[in-house]
Structures are given as C-alpha cells and as structure tokens.
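What follows is a single structure, written as structure tokens, with notes after it.
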C-alpha cells in the first residue's frame, strides 16, 4: 500500500481465501479477517462472495479490506455455508473496479465464483479461441479466461471438479484458485505451484488461504499445503483430492520468501521469517565488510538485517523510524519536494548511525531512486560509511507468473552494472545475494524454486505473443 | 426517486443516450446533462461510456447522476468522439452495481458498449441457448443476452450493423438500444417501438435519447423519432438507416404518455403535457361531478387536473405543497409513524380545500395506501367531499415490456372492485379513464398503443416460461 | 438550494424550531422532520441540540438536513425532553462550519442553547462593548452577541427568562429566537416581529417553529403566533408569557409572504398561498395586458400566475418543466455554456407557449440575468410576445433584518430604469406590483409590514456603523 | 490509533506545531507534514490555522491528518506567512468536534489562534471566575480557559506576549502552547516543562513542534528546546525570548521517554530511542533471568527488548508480526470472539519462540487483559517459559498533566500485587523497572522528571476540586 505511493517495490498480484463451514461458523467475518491478514498481497481492491444454500451474493470494490467491508456491507452480505475472498494489488492507472474479484458468473449448470492468484502465460491465445466461439469478455482478468475454460468443459463433464481437471490441460502458467460452486468449495494449484496455497481446519470447517498467516488470524489450524497440480474438493461428503496434474515438487516463486509473503507464514514447510534471516546470513558470508552496525530498511529488510548481524557479529541496530500512519490518502509532496517523500515516511536515527560505518540491508532494488534517498538520509544523520547488501540477486528478466515487473526500462539492474548502481545510489560498497544462495534460504522447504527473474530460465514457457507492456491494453479496438 | 421511498408508483426501466461528435463537442458532459434530463426514467444507477479513438472508458455506479458523476469522475472519463449513457431504476433489494449500464464487452471483433431500455420476452430461452454453447453471464440484465446475440452474429457478418440486423430476428420484446462500437454509434428500436427513442442534432453532432427533453437540455434540435424496427448507424461517412425490421406504426406503451415521460417531451409527434391535459379532459367528460375545486397530486397529477378543470369549468386550485428537499437519504418514519410519511412530503393547503367539495386527480393507483393517506390529508384540511379521478384505466395485468409491475398481489385493482377501492381509500366517488379514451390522449401521435396492462391483450406474445416473480431470481443455482 | 446555484434569488437567513415534550415524544426526530419542512429557509448548514435531563448534546454541520442527519447521527444525538433546531442559508465563500447553529454555550448558571433567525442592527456596538470587558468570540454570528448579552444579565437576575427580558433592552433589530436552558424552552420575538415564529401543540408537547408548515409536518396543531416582543416560557409548570416588550402590531417582513415562506404556511393569520394569488390578482389590475396564456416561473411564481389568470380571465398554463433532480452536487456548465445553466434546470413547454402572447409571472428580479435567460427560452419555444409581471415592487434599498441583499451593485433595479430593465431582459412589457398593493396581499394579517427594501423607510434605525459589505468580514485583524 | 481500538495503552493528550515563514515557505503543507509526524500524539482530531496577512483561516475535524486534510481542504486553507497545527487524542464517547484545536477566537485587540498540549490543574477555578464575569464557554478544553486568561490580560498590557507573561501567573499545570496573533508566532512552555516543545529553523523560517521528529519530516534543523517557563516570540523583527517564568530544570514527564514520544525524537538533549534501549538494559540488570530469546511487544517494546538483549547477552528475536493494515475502521470481533482481537493484530512467530524460554518486554501494563492475551499467543506458539519485563515502574497514581489515566479502577497495578498480576497474565516471572532507574534512562537529558504516576509525588499541586472521573463532564447543568 504505502509502497505503491512512496516507495518502489515489486508487487504481488493477489491473495485468495475460501471457507466451507459445516458447523455454523461465521463465513463472512472469517473471510473478512483472513483477507485482512492477506492485505499485504494486494491493496487495490478486494471482494467476498458468500454462498447461502446455493445463492451467491458478492461485494467487491476498490480499497483496503476495512474500507470496503464496513459493518453495514458485511451484514448485507449475510451468512452462508461457504465464502471465498480475494485481495488484489494496484498498478497505476489501471485501478478498475470491473477487475475486482471474486468473479461470479452463471453458466449452464449454475453459478460459479472464482478467486485467482497468478498469471496465465497463454491467456491471449485462449481468449482468442473463446472469442471466435462467440464469447464476450467483461474484464481484462485472466480469471475470466479460466472461468470460460472451466465452463466449456462443464458442458461435457459430470461435475465441476472434472471440468476443472480437464480445463487444466489447457491452462498454462501460474494459478492458485479457490472456486465455489453452489454446493462445493474447490482449491486448485497449478502443476508448478508458483504461488502458495494452503489448507487449514477449524472445528468442522475447512479453509484455504494463500498464506498460513490467514489461518492463524481466524484461529484455524494449519493442515497442509495444497500440492502443485492438486485439486482439493470440499462438499458435504467431506474432503477429497484429484492429483492427475500433480508431478514433482514444482517451482515456487522464490520471491515469496524474499519479500511477498508475511514473515509469520510458513510455506512449503519453511518459515518465511527464518528464510529472510538466512538470506541475511548468506549475504554476510558472501559480502563481508568491516562495519559498526547493521540496519535494515523497514519493514522488509529487518529480518535479513538481523540474520546478517548474527552471522557477522556486527551489532544489530534500529536505523530508521517509519511513520505508522502513512496511508493511502497521504498527499504527495509536489515535484520540487520529491526528496521529502521518503523523509515523511522514514526518519534515520542519528543515535544509531552517527559516526558509524553502517551495513544497510534491503530485500531488492527496483528503480534505485528510493535506495538513493534512503542512503542520503543515513549520510545526513551522520553515517560515515554505507555498505548496502541486498538479500536477493538482481532482477534482469520479466516475470510472467503473477508479479508486476512490467518493463525492463524501469529495472535499474537491466540498465546499469553493479559498479554503476553503487555510484547511482551513493554507497561505499554494494553486494547482492547470489542465485545459488537464494535457492537455499527456505530451509527445509519441500519444493524447487522459480528464479526466472534472476536467470531468465523459466519452468514454464513464457507467452508466445507478448504485448509490448507485458499486460495487454485495457480494451482492444 | 422520491416516489420509490415515500410513494408507491410504477417505475420505468431505463433511459438511454448516445452522441457522435464530429466537431469536438464535449461528449462526456453532454452525456452528463442529458442523463440529468432523463433522471426521472431511472434513479438507481447510471453510467457513461466514452469512446476516444476506439478506446472505451466507462464509469457506472449506484446513485443519481450528480452523485455518481462528480467533477473528478467526469474528468477521469475524459473526452472522445462518442459517448453513450444510461440511467436505471431501482427495485427494492436488487440494487446491484453489477447490473448498472452501459454494458461494455470485448468480443472477437473488438469492443462494444450497449445501453438498453426495455425488456425481452424471450431472454430466458436465449440465455439457455447461449449457456449451452459455453457462454457465461455476469449480470441478470437482458442486455447481456442482447450483447451475446449480436456477438454471435458478428462472427458471420461483415459489420456490427449487419450483426444487429440478424440478431433482431431472435430478439423478442421491448428494446430501445444505443450501441457504440470502436467507430460507430448505432440506435435501434424494436419493431413494436414499445419504448421511445429519438434523434437530434447539434452542429455536426448526432445525438440519440429516450426523450426529447434530453435534446433540449443540451441545446440539440429534435430531428425525428427512430422508427419502430429501425437501425440508425452513425459513423464518419454520415447517418444511414436499415429498415428491414420496420413495419407499421408499432405499439408504443401508453403509460409513457400517462406517467413515465417528462411532460416537456414530445413523443411520436405528440406533446406529453398536452396528452395529460387531454386525459384530464376526457375524465371530466366520462366522470362528471359537482364540486368546488379541482386539484392534482403533485407532480404527476397536475397536468390532468388542469385539463379536468378546463373541461369541467370547475376552478383549478393548488391543493398540496410538496417538500422540494425530500431526497434519497431521507430517514423514513418508524413503523408507528408511517402515516407521517406522506405528511412529510406533502402538505394539504387548507386555504384551497377547507369547506370545499374537491376533485382529486392522480395518474394511477398502485397499492392504494398512498391514495388513502392523501385523501386523509385533504379531509383533515377541511375538504367536505373528495372525488377521486384517475387519468388511466385500472392495472389488472402484468407488463412484460420494461416496467416494474411484478406481481398481481400488490395491485389494488386486481384485488378489489371499484366500489371496494372507493371505500378503501375513503373517497366519495371514484372514476377511472376508459381504455378507449386513454388511447386517444396522445393527440396526433404517429403510433398505436400497447394497453396490455389494462386489457391483457399484448402486441407481442408474453414469455412462455414465466418465473414466479416475473423477474428471474438474482442467481440461479 | 437550487436557487443559490443556478438562479439568483434573495435568501432568507434562517429557520428555527423548538420542542418541549412532557409525554415522551421523540424530540430528535421531531426536530429532524420539522427542519426538513423548514429547509427552504436555509440550505447551507443545520443543527439540532437535544436536552436530556439538563445535559445538552448537539450536532451541526454544513449540508441539507437529510445529508447532515443520517440515521447514525440521529441515534447518537439520542433522546431527551427538549430539542431545538436550526437551518441556515449559504452565501458564497462564507460557508463556515463554525457559524452553524444552534449555538451551545456554558455560562455561570449552566448551559444555554440558542437558535436565531434575524439580524441585529447594533451587533457591532454590542460586540465591541463585550470585548472591552474581556469577552472572546468564536463565531461571526449575531447569535453569539445575543448569548453574551443574556449571560451578562443572568448574573444579576433570578432566571433565564428575566435575563432575556433585560437583554432585550439592548438588542436592536430582528430576532426570532428559540432558547433552551437545562430546564426551560423559551421562544422570543423582537418587538417589531420582523421574522415569523409560531407555537403549536401535539399531545402534551409544546413546539415552536418559524413557520406553521413545520407544525403540520409533525402532526402538531397550530396554537398561535408568538407576539412581537413576547417571551414565551415553557417548563414543567407549563406555558407562560412575558409581554414587557410587546407593543402594537409590529412590522413583519412582507417578503415572507412574497417569496420566503412556504405557501402552505399561515403567518399572522394569513395564508401565504392566498397572499401570493392576491399579489397576482393585484398585478392583473395594475398592469393589464392582452394575452393568450399566463404562466409562472417555477416554483415561486406559480401561485401569483394563478391569481393573475383568475383575475384577468386569461387562461393559466404550465409554461416550464423544472428538473426535479437538480441538486447541490450538480456540476455547473463551463463559462462558455452559462446560457445552458437555466436550460438544464428549466425547459419551456412549446405546447403551451408556441404562437402565444405570454404573461410571465415571477416574484422578483434580482440581477436580471436569470430573467433574461428565461425569456429567451420562451422566445425559442415560440412565444410571440412576453409580458413580464413581478409580484413585488422593485428592490432599491438594503435590508438589515435578516436577508442577504448585500450590495446595491447587484440589484438591477438600482442600476436601471424600468424601461432599461425591460430591454435588458427582452420583454415586450414589464410591470411591478405597487408598494400600496404589496401591503394588502396578506389578507386578514394581524400585522403591519416592513417594506424598507422598497421604500428605504425602516421601522427600526439601520446600523450606525455600516461595514462596506454590510456583513462584517470573517475575522477582523 | 490502533492502540485505542485493540490494545489498552496510555494516551498522550496532544501534539502542537507552529511555523513563521519569512521566505515564502509553504506554511500549510509544512503544517500538514509536521502534524503527520506528530500523529502518534493524537489520533482523534486535528486542525490547522493559517495566517495570511492577519486574516486567520482554520480547518479542524475528527480524523487522522490525511483523512481530514484532503488536497481540496489544504488548497482551500490557502497560503500565508504563519500557521499553527494540532493533533488530539481520543477518549471513548467524548469524540466531539467542538473540542478540536487550534482554537481561534476574536478579542478586543484582534484575533488569536492557540494550540495546547497539556492539562491545567486549576482550570476549574479559573473557569468559574471567568463565568462570574460573564464569560461563556463553547468547549470543555482547558485551552479556552487559557485564551480567556490571556485576553483579560491583553486589556491591560501593550502586547500579546506581555499578556501571556501576566496570564502565566495564574495558569497552573502543564501547557506547551503555540499561539498565533495577527503578526506574531509565540511558543510557551509551563515552568515545569511537563510536555516537550522544541524550536527549529529552515532557511528563514522558524518552526516549533512538540517533538524534533516533526522538524526532521519537513527538513528543518533542530535549534533548541523551548525552556521550561520560557516565552519565545517570533515576528518581523526576529526571535526574542521572555524568561520571567524560567527557573530550574523543571520536571519533564518521564513517560515521554518510556512510551509517548517517537523514538527518533531528541528531547532535552536525550535520544528517545537510546533511552528505551537503556530502560531495557537497566531491566536486564534489575531482573535477570535465564532464557533463550528476548522479544518485544510491537512497536513500543522493541527498543527496550534490544537493550535487554544486548545487556543480558540473550539473543534478540522477532517474536511477533504486526498487521500493518489494522486501522481505524477495522471491525471489532464480537464479544464472543474478543480473544481474537489480539490475534488479528499480532501473530506470534513460532520459528522464534517454539521450544524456547522467552523474555517478553513491554513498556507498561495498563489493564492487563492485553498482556494476558499476548502471553497466551506465545504459549500457543510453543514458548516453554514466558518472563515478562516492563520498562517502567507500575502506575499507581493519577496523572493530572496531560495523559488519559482517568481512574484507578482500570489500572491493574492499583488492584493487584505483582504476584497477583503475574498469575493474572500467566507469566513465569514478572519484573518492573524501578523508579530510580526510570529517572536515569534519558542519558544526558537536561531536565528533572515527573514520576508522579509511579510515586504520587507531583512537582505541582494536584487540583483541589477533583471531579469524580478526573475530567469534567461534558456540559454542566
């Protein structure tokens, strides 16, 4: 949220949630609290669809969860036996209410609600085929393509889960889905498992969520991750699994561990918080430096800073205070005062850095402008040296699987060498974590990793026809 | 608007507008002012879609035109060469943002925006057929069915207008449409011409609107009505017409003249204001009475009251003062104070009615409760006799062509005889306009009339499969 | 409301209301509905103060009554035994929330809430004296001066009503007050009775309101007008009156009958609606003309038009349709489209005026620009002659007693002769009602009239020290 | 903000800001950004008053700074040569817009705007005296008493600063003031200096703020603290000081260092962040324990936890993840789910605490319920022992100098022994910082400390007449 305004950070596409209650649990407010816990995965829009005896009611709008879901709105949504929810991130200029999810559509066999995290690589081709059959599209979401694909299969299959199973043969790319039919809740993960999705349980209720922190927030116990390629079906008969598309360990996006996920989540068996500390520790080993204090850029660099400090023996310190109230409605400084943008959000702590050689840890550098300003704050506060350490390798390739890196032009690592970046952001030394190490940070994780954005080597073929700006224009002529 | 809250009135489905500008006219604000003028045709939601060089941007929301379209929103909509707009009425409980129009969809040949006034009689069958082909529906609007039908034809035709022409062979019922493709603005009226639609001109710009009052509001000159069954196409080559579906004079809904349309509109060559005065005059002839003053229920009964007064020679008087500020956010009196609901909106003028025998004119009686309260106000204000005259025949049949009469149970004329109604609302005498006369009120109108709601005799077959509440439930299981 | 935006009309300062309930009547919602009925007297801001066992809670804000008082706000205000309320008009640029009323202050003997309609002529002198004693002012309202004056007297008197009685010796000008102490509700009217104030009764509850239409709206019976100079005290002992300051009939502002008051109000025994019809009838006698139809400018000219028609024998017609939805948030046309401003609000009815010689009635001409536009609309609609008749004499002097005529520069009648005005607004003839006749319109009224704005002859001396713009600047240095 | 909703924390009364610009600096947006930086000192309401050539315009409302000050509002406030601003905290039920500051009043010599942080101990007596002289009060703020006191003195003195100097002889208690006259900006601190107030400089502009973090946020350089008892006057002649009321070092509220102030502020020469680390270090010395990890309760316990860890040698860990999006509109769990309230805001990190003996640091315990829930979270996450350490002594006495401790009943330390508290919150051991140590945390601070809330020994006499709930009821009868 704040990132989109003051800082330049990569953004996750979405977070999803689903609940099937057998024991009268309040599905609307469970979805509300769970989406709250997943808010970091998307701040542009959010939505909840509630299923009461087969009748699905939805509410979606632009805004944060507590802004969109007032007590009145939650009450109007009412109660039911199932609910699914979605949070979605925002890119400038395309904040379109029509793209908010969950998608709710009627097809020949009834109603279907769908929440999607990820990005198809063949959406363009699929959309063209559907349009040639007379299909019409209301949104620019891949999710509508998925809905059509399942609907088509539904005409020739006996159940929604069989339709999904068949549709998966043509859906390429990243998708963690929660789907609600009149009588079933279904969770699906693409065969590579690019995006996380886990299952939990509270009493007789089954829940699915992008991250385990959402389970914690409603007091549900973690059961297990949905497996790459797995379809988990919940209905009155219980929980069952279809594993036709399951293969090996898949390739989880490593950036979930580096930055996207909440530190208190456990993904594929590995603690995100621990992974970040380990990234810091590897950094200390790969790029040692003589210094007096290790500090992190709040909030995403703090865990790695702690890991770096422990590994290196250099004391950990609090280098910045972040204004807790900088929110969405914050008025941006005018052009002439751009430098102030960072200052309003972060203040360097002289008491920590004055007269000190400082190791500054951040998780990534996107455009470099924010990093340069932060380094300037440290110098003004009296730091004598600033050694920047980044807990991931440099981005040099596009991501096609659900993040918003949309153009090489904006990525500093595509335009400059490390030496040039060092000068650009004004640090005494600069070190990135190696690709080898980043693959090892998620200790004990039961998966392989997609590191395509660092290496250009993707587990699934990138789109054949790539629109210039990676995401298709709003409406084609 | 107010009617939906305090009074019980029939409601029109919608109003539509479209503009094609060749000379840089501000299409967004033209749509804004025109929809303002059409606000009486729908107060639940509204929307505008602007076409700038083939890229269509839209904004739709629940609320009145000036509430939804703030200066910021209008500015964000931006400028273009074409725009279409829509206002939609509200029924309790189904105020659903997803149903707001214009509908904007992408299909194989590009983008299409569509605004619809009316109601299909075979929407159910068409939807079923489309779903069997794999189609999915986002809304419960007939308009989405129309969009699918046109899209299917578009696959086999050379132009959007040909696709519309073909689609019209399967679309049954009432539809006045304004459709915008990347390069064309198209106006369509069903072969019976149930709902009005007219064409105007301002400089080099062509405009279409449900009523001529919208042309007046933007200073456009009236050109002509779109003919029943006609397709009018506007593009860079100019204006042309397809009349394949045109037949005779069609059957315009007579209630447009009785109540729906604004009195300053001219429809099919007849002044609505004059038609209402004539209705009053016929009433005076059909149901004469000895009395001291003729008054109308504001605002819809005033014109007929004037006509009754002139015909009968009984002086016209102002019987009620209406609070001009009663709007949408008005807090309703609690159950125990229901009687006050009318009192807050209307106040009877003792100076006019005290000690007098009063003729009270209204355009219709729906449930009867409001009429009873109004009569009570008059008695309290000192009226010695109250003779009610209604400027239309009694409703005793459902309407399938775009109004919200949804159930016989609510219609007093279905439940009671005239004698019983007279007692129920507490008047000394009661008279309805005859069906013969109501057909004659629109003097000089170049059309026949649909009087199905009075007679049960419809110009187009009613739906075969009629859902219990006439409008299908929100989402079928 | 609308007038302030699109039209140029004189504006009343305020409306007041008070209720003392002995029988558990809902005082908050009574105030709400009554202020609703008084909304025409002020649309800038409004407020209600509720007294529950001596504890006074208030809510005031900018906006219309239904905008400011949502169900949540009304519920938070809670219940009590007494309430007072206020609506206030808006002048451009001075929309200041601090000036909203009722004023609620604490003084040595407790709390006092005060709602004021009118304008003091010696506020400047009184404020200076109070400041010299160490007083501080939060607002620029005269009402705060009144509160100080009463508070000072309260130090030396035994009761709030005695304090008011003493304060009245120094308060000069126009004031209709409703004052609430912890245990009493008091209504006060200045000795001239410039502004109306009446008393009503519902069950055991006593109410006061600026106009009787507010009593009607809550089902209260009219008891009598508060007399000029009278103090009416309501407490647990009952209702009593102090008449020390009562003298003769006073001088009621005649413009209350011409334009300010709602037609359904009865003031000083005379019906406002009837007074307006009589104004039209006198006009017909003073300025006869050969014509085909008489029409009024909605809404304020309609009653007089009816009176003119009846007196002259020329038929009454509906000349304009007014858009019922033009409200406060309406986007104004840009400078180049100013002409449209009237068109969006009013549409001339060709059916009524085309080919006709038209008598056009309005209640007043302030700047003339609106009149000119309205006349233009009629000509465009086909009127062959337009004869304007104004149901009041020309304004040529400032008003110091509670209206917003603030500068001679804006008044057309101060700048031009009648012949020039005729040309300016483009009519074939023009006639104003005479001062002699305007004094006679309120048939049976038990009062004399202030006609100072027409004659310059005021019943109370105007302010000695007159600030340039009549109303003092917001905050003096 | 969040604290008031989910957690029970002490609350600071207010934050103040002032700016006098000689070089055209944007005073409105400077006030905006500075109040943003001071938002932690008050989240109920805020306001800014701008002085443009002696004309003061203000805007105040309930809400956070970015909610109240939209771009439109800031633009309407306009520019000027001076501005003052205020943020105010919220107590349940008394969220009254009338109490928002700055107070702007007119008196005999002109206008005065005033922003106040603190609490008078003789407000009750002063108000009574003023009311006996005929004064009326609009608010329940002490600030209005201060305004009256200064206004009275102004009648007999030559300048506003002399009036303030004289008024200070009767004002008792805590007050850090920023006052704006038509031509001067004045900063005042009570002789004990209970609340902080510092001076900064940016170019030719002089600024005052409650904390130095506000100077940093607008890029102003810290100059010095305003001295206890000092009056600093800024006008076109420059900056000058009146030190009549200055005496020794005064008694700064020690809780500013423990909890209220932002860690990046420097107060009386001491870093708040360092003071909190030192509090943690003293705790480690006073209450040593064998354990595996030291964690802090976010955000206020983190600094002390780091200090404890460094002093004790026990590793510092991240024990909780706090949801960054829990804001003001967050829907509270229903009664039955109260336990969840903490869970939604905080999640314990199993990776840090599972199987560990945990030292848990917080800055204070108010009611104990939150602490108990937090401890429960740790146990559920697998902590084997929980040793709680509090970085301040127990509260056992009321504060009369500007915080919201209003009743002994709510303070757990007044109701229970340490042993009982230990059981109540479910910890294995509990240790509070001693009074002797808390006085030493602000290393190098140039002041003495008020520790009255711990000892009952106050530097200024508490109020003689203490209303039952410490803060007077809203409106006295």
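Think of it as A, B, C and D in the order they're written, each chain with its own count starting at 1.
Basically, a residue touches a chain if its C-beta (ideal position, glycine included) is under 8 Å from a C-beta of that chain, and two chains touch if they have at least 3 such contacts.
These numbers come from a predicted model, not from an experiment.
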What is the chain whose Cα centre is as far as it gets from that of chain A?
C
Could you please state the distance in Å, as a whole number, between where the Cα atoms of chain B are centred and where those of chain C are centred?
37
Using CA atom averages as chain centres, what separation in Å is found between chain A and chain C?
60
Can you compute the centre-to-centre distance for chain A and chain B, using the mean CA position of each chain? Integer Å is fine.
47
Which positions in chain C are in touch with at least two other chains?
none
Take each protein chain as a node, join two nodes whenever their chains touch, and name the resulting shape: line, ring, star, complete or other.
ring
In contact (per the touch rule at the top): chain pairs:
A-B, A-D, B-C, C-D
Given the complex with chain B, which residues does chain C contribute to the contact?
1-2, 29, 32-33, 36-37, 39-40, 43, 64-67, 69-71, 74, 213, 216-219, 262-264, 266, 271, 273-274, 299, 302-303, 306, 310, 315-318, 321, 323-327, 329-331, 333, 340, 343-344, 347-352
Footprint of chain C on chain D - complex, ascending
54-57, 103-108, 110-112, 128, 130-138, 147-148, 151-152, 155, 182, 473-477
